[in-house]
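Here the chain labels run A, B, C and D in written order, and each chain numbers its own residues starting at 1.
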Amino acid sequence: MTFPAPLTGVVPPVCTPLTPDREVDVPSLLRLVDHLVGGGVDALFVLGSTSEVAFLTDRQRRLVVESVVGHVGGQLPVLAGAIDMATARVLDHVESVTSAGAQAVVVTAPFYTRTHPAEIARHFRLVAAGSAVPVIAYDIPMAVHTKLPADVVLELAGEGVIAGLKDSSGDLAGFREVVAGARNRSDITGFSVLTGSELIIDAALGMGADGAVPGLANVDPHGYVRLDRLCRAGDWERARAEQERLCALFGMVRVGDPARMGGGSSALGAFKAALQLRGVIDCAVTAEPQVPLSAGEVERVGKFLAAAGLL
Amino acid sequence: MTFPAPLTGVVPPVCTPLTPDREVDVPSLLRLVDHLVGGGVDALFVLGSTSEVAFLTDRQRRLVVESVVGHVGGQLPVLAGAIDMATARVLDHVESVTSAGAQAVVVTAPFYTRTHPAEIARHFRLVAAGSAVPVIAYDIPMAVHTKLPADVVLELAGEGVIAGLKDSSGDLAGFREVVAGARNRSDITGFSVLTGSELIIDAALGMGADGAVPGLANVDPHGYVRLDRLCRAGDWERARAEQERLCALFGMVRVGDPARMGGGSSALGAFKAALQLRGVIDCAVTAEPQVPLSAGEVERVGKFLAAAGLL
Amino acid sequence: MTFPAPLTGVVPPVCTPLTPDREVDVPSLLRLVDHLVGGGVDALFVLGSTSEVAFLTDRQRRLVVESVVGHVGGQLPVLAGAIDMATARVLDHVESVTSAGAQAVVVTAPFYTRTHPAEIARHFRLVAAGSAVPVIAYDIPMAVHTKLPADVVLELAGEGVIAGLKDSSGDLAGFREVVAGARNRSDITGFSVLTGSELIIDAALGMGADGAVPGLANVDPHGYVRLDRLCRAGDWERARAEQERLCALFGMVRVGDPARMGGGSSALGAFKAALQLRGVIDCAVTAEPQVPLSAGEVERVGKFLAAAGLL
Amino acid sequence: MTFPAPLTGVVPPVCTPLTPDREVDVPSLLRLVDHLVGGGVDALFVLGSTSEVAFLTDRQRRLVVESVVGHVGGQLPVLAGAIDMATARVLDHVESVTSAGAQAVVVTAPFYTRTHPAEIARHFRLVAAGSAVPVIAYDIPMAVHTKLPADVVLELAGEGVIAGLKDSSGDLAGFREVVAGARNRSDITGFSVLTGSELIIDAALGMGADGAVPGLANVDPHGYVRLDRLCRAGDWERARAEQERLCALFGMVRVGDPARMGGGSSALGAFKAALQLRGVIDCAVTAEPQVPLSAGEVERVGKFLAAAGLL
């Protein structure tokens, strides 16, 4: 299949279900894919932060891509994260996920090392030169501790180095600068601007964004697809109501006790608990060294589902 | 050989010389090892930040360990970084570097993901359980964006989970807390407290630290060994003079133009340029996407060498 | 006059024109007020960050409030910042600005000192207890290095401690949480949720915010009033076009050379240069120790004005 | 009296005892001064961070300086903080504290506003030009969120703009750069380099620092004076033992429950509780909005005192 230019709509970052001994639970993963495709999503993004990519071994990463690509059989595009510290390591992942069938790769700025904008641009140019498929830039300062500057993104878009942006920075003003630049610059065509937020998708689409990559869409794909369609129809009032329902549901990410675990353990644990409670996956375990939710915390996840009409 | 408990003295984090096309330059690497061993260092640390570990592929990492371990043939201990984002990935590196002969592994807190102290402790316990060799904790907040709390370090030391600390945090007060705890607590024995600083080794050893892991020791191993020996002899005045000579030499890390490159490109570029100018390695190139020093900047590195009596 | 509950619409943070020797230029200040009132704004906010409150002496601060309050003579509400490090000092400013006629005070979390959410809540309770006029919380992490948590804001709103929020955090998802909470909680009435952004006002109003406090409204009050009215009318398409025109105009804040000055010098210098070029104020000087724009940089400000149809 | 050039030795940042209704408790303050002078300290620093300067009103600040200066009557130098956001406001404090008798002023980089190195240098030049007494630069990134770069400090020292540095940055390598520069540069004479740390004074003096400004010296001035004298005598072994005793005592700053209060409330609450337990001041209350220690936490402060032989 040809990769859409631009890619639009709802592109969930697919959770990676694990067995109790932390192996990839392929049957659960495929049920999750069916759940998402059945919910009407437009593409799938595997090996992103919500997929616990930082925790998965190379072997597990490859298994995820092969399983998902094989299962969807070209029905809809599959993007895969090629997440590592710097250029040569990222290129190894690009090779691995594309040979496993991914139709686009999602790449962050370098991390662990200190990084300058000139080095970020050089990184993307080298990765794109070594990739057989389109490269989507992944702006996630919370993880890599650098913000992709809007002017660098637009410069790389203008050169055809990157085919899109997934923006998980939380900076909607900077995001808007990319949206407007991508629309107004004659050297940029088919560039896809996607928000990684769960909470302000109506605002992002209202500005002209192409789509969204919300982690919570694992739990409620139908809701996010509905939100996307309402925005595209210009029905902003009902879009806002749907978005607010999803914002309330998102409250589940805070069920974990901050004295006992980090925000990631809480959020990913809640998504997986919700998927288990909804009968989609078998086991809610997260990868090591994340701390599991307690029974009481899982019960609170259930209340969020009930309040959102999902149980 | 038995790994020393505690490990003491000068443990340079060995640079990884590259060929112009960014392959590991093994002959240069082995000459660098000879230069360091000839300088009197007490152990070698490969695959640390100064080794550009973030940039090397898994294949290159393995080649570095095999080459160095094979070359030193047990004359002195070789530690290897097992640097990756989270537990399962780190364990894959532990397996790789120990099967290649490393006598200890050096491991950071998780990164990319947000991390809680409880998750950091869990990470080290799991890594140690899966490692056949001692684990040294690597505190490098500049890279991983978390500080290893002194109480967590001491708790893990008391349990025998970690065998030492390499502290590159710049926080000498926190470092002192570990030094004092390791000395005073009856449940901690043979624990090695090492500073990663190039600039305050006299102070660290004066407090009771066991040794140092200075990147600049690639360039001037004799100087750092001299400094270590003066401190051990209690000759603080001459130690200070030697330390100050090395501080002046360290000024080379700032030769790179900050408008054109990041601090890492400048520092690693300077170390490698100095090694080339001293005739130790063939080529000063750094890994992608780092920005190379200009000819004028390399010339300034030469002036630092000359001022320190090294040319 | 009774202070509106909630306060809505466009509330520019009024620049403080200075004479060449850095005294408050009262005639220019009053012309600026006329320019804003003539532009249709709904209230005025003096002694905010855009007013250079951090740079003005207590005497100058008082002169600003007295001059503006006296000039507007109750035509529209005047809010004044009571910006200082901690509770007792803030209360002194509250006394000063309210005795000079301010109808509400705008107060940040404590700064300089490290601050805990419990201390922030205590601070606002004590300030409100000591204030004869409504207190608006000012969330500006860039200045005070703490984010006002949404739950603390809603708790204080529910208790009647604060009458509104001015959010300059850039975090639209957190902002939405306050907007939704203020709408849905039965214990909160008349609470005003204002965005401090210049760039995403359409999005903020689309979510249900009450108004905006955009620094750039000094330069183009008519544009921001137009934007506000279009949003209230639900004409989102034309609102977006107007917002994008203002986003392009906002580019002026980056004219200053980052090698020579900080972002504040550049932004405030650009606003004042624009006001001088538009004939509103006599002199574009900013307070010490800010670095002035060069002639070439001022020329570029003029080009932004021309492109936006303001010259 | 002539202000010493350089100022050397132990310069405690004097706590500000308060009455239960948060007024300056002058009799307790004067007893504290007697306690410090009796302990052998070399100068007094009022209105620093440990003095709760951020919390005191202008009237209270002035009362503190007048009371202390009047009481010591020229026996030893009194330095006073002139702590505010930017130049003009700082100059007002300089005028106030010098007219009240302070013999030097201590000034930070601007805060609240974003600040560029060029603006910091301009700030110090303007403050010095307006000050009748020597200006000491106060490097406290934890409070002002900017680090004073060593090269800016040395440039200002070389110009005679600043007479010294109080370094509370925790960055001993940067501190050493200033110490070495102040010793080696011919354009710098009589410049005083002081560490603000409680925990690494032996290391700082070993590098050639002139003295220390430890908050904990309020509680144990004799200990810090002993430490200073041992370092000056070159008795590094006994110095280390004394320093380690003081490090253990410093543990009191963590008695406060982090779920209930910030680090400042805990540390300042502990110092004041210790002073009350030692019979120096009447009341341990801290300024609003700091959270008070519980009875159990105060009891733990007592245990720290007992363990250090101070009860």
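The working rule: a contact is a pair of C-beta atoms (placed from the backbone, for glycine too) under 8 Å apart; a residue touches a chain by one contact, two chains touch by 3 or more.
The model shown is predicted, which means the values in this text are computed figures rather than measured ones.
Visitor: Looking at the contacts, which chains touch chain B and chain C alike?
Guide: Intersection of chain B and chain C contact lists gives A, D.
Visitor: By mean C-alpha coordinates, which chain is most distant from chain D?
Guide: Farthest chain from chain D, going by C-alpha centroids: A.
Visitor: Between chain A and chain B, what is the separation of their C-alpha centroids in Å?
Guide: One centre to the other, that is 35 Å.
Visitor: Using CA atom averages as chain centres, what separation in Å is found between chain A and chain D?
Guide: Averaging C-alpha atoms per chain gives centres 49 Å apart.
Visitor: Note the residues in chain D that touch 2 or more other chains, in rising order.
Guide: none
Visitor: Can you name every chain pair that touches?
Guide: Going through each pair of chains, those in contact are A-B, A-C, B-D, C-D.
Visitor: In their shared complex, at which residues does chain B touch chain D?
Guide: Going through chain B, the ones touching chain D are 170-173, 176-177, 180, 197, 199-200, 202-203, 206-208, 234, 236, 240, 244, 247.
Visitor: Can you check the complex and tell me which residues of chain C touch chain D?
Guide: Touching chain D: residues 22, 49, 54-58, 60, 83, 85-89, 92, 110-116, 118-120, 122-123, 126, 142-145, 258, 260-265, 287-291 of chain C.
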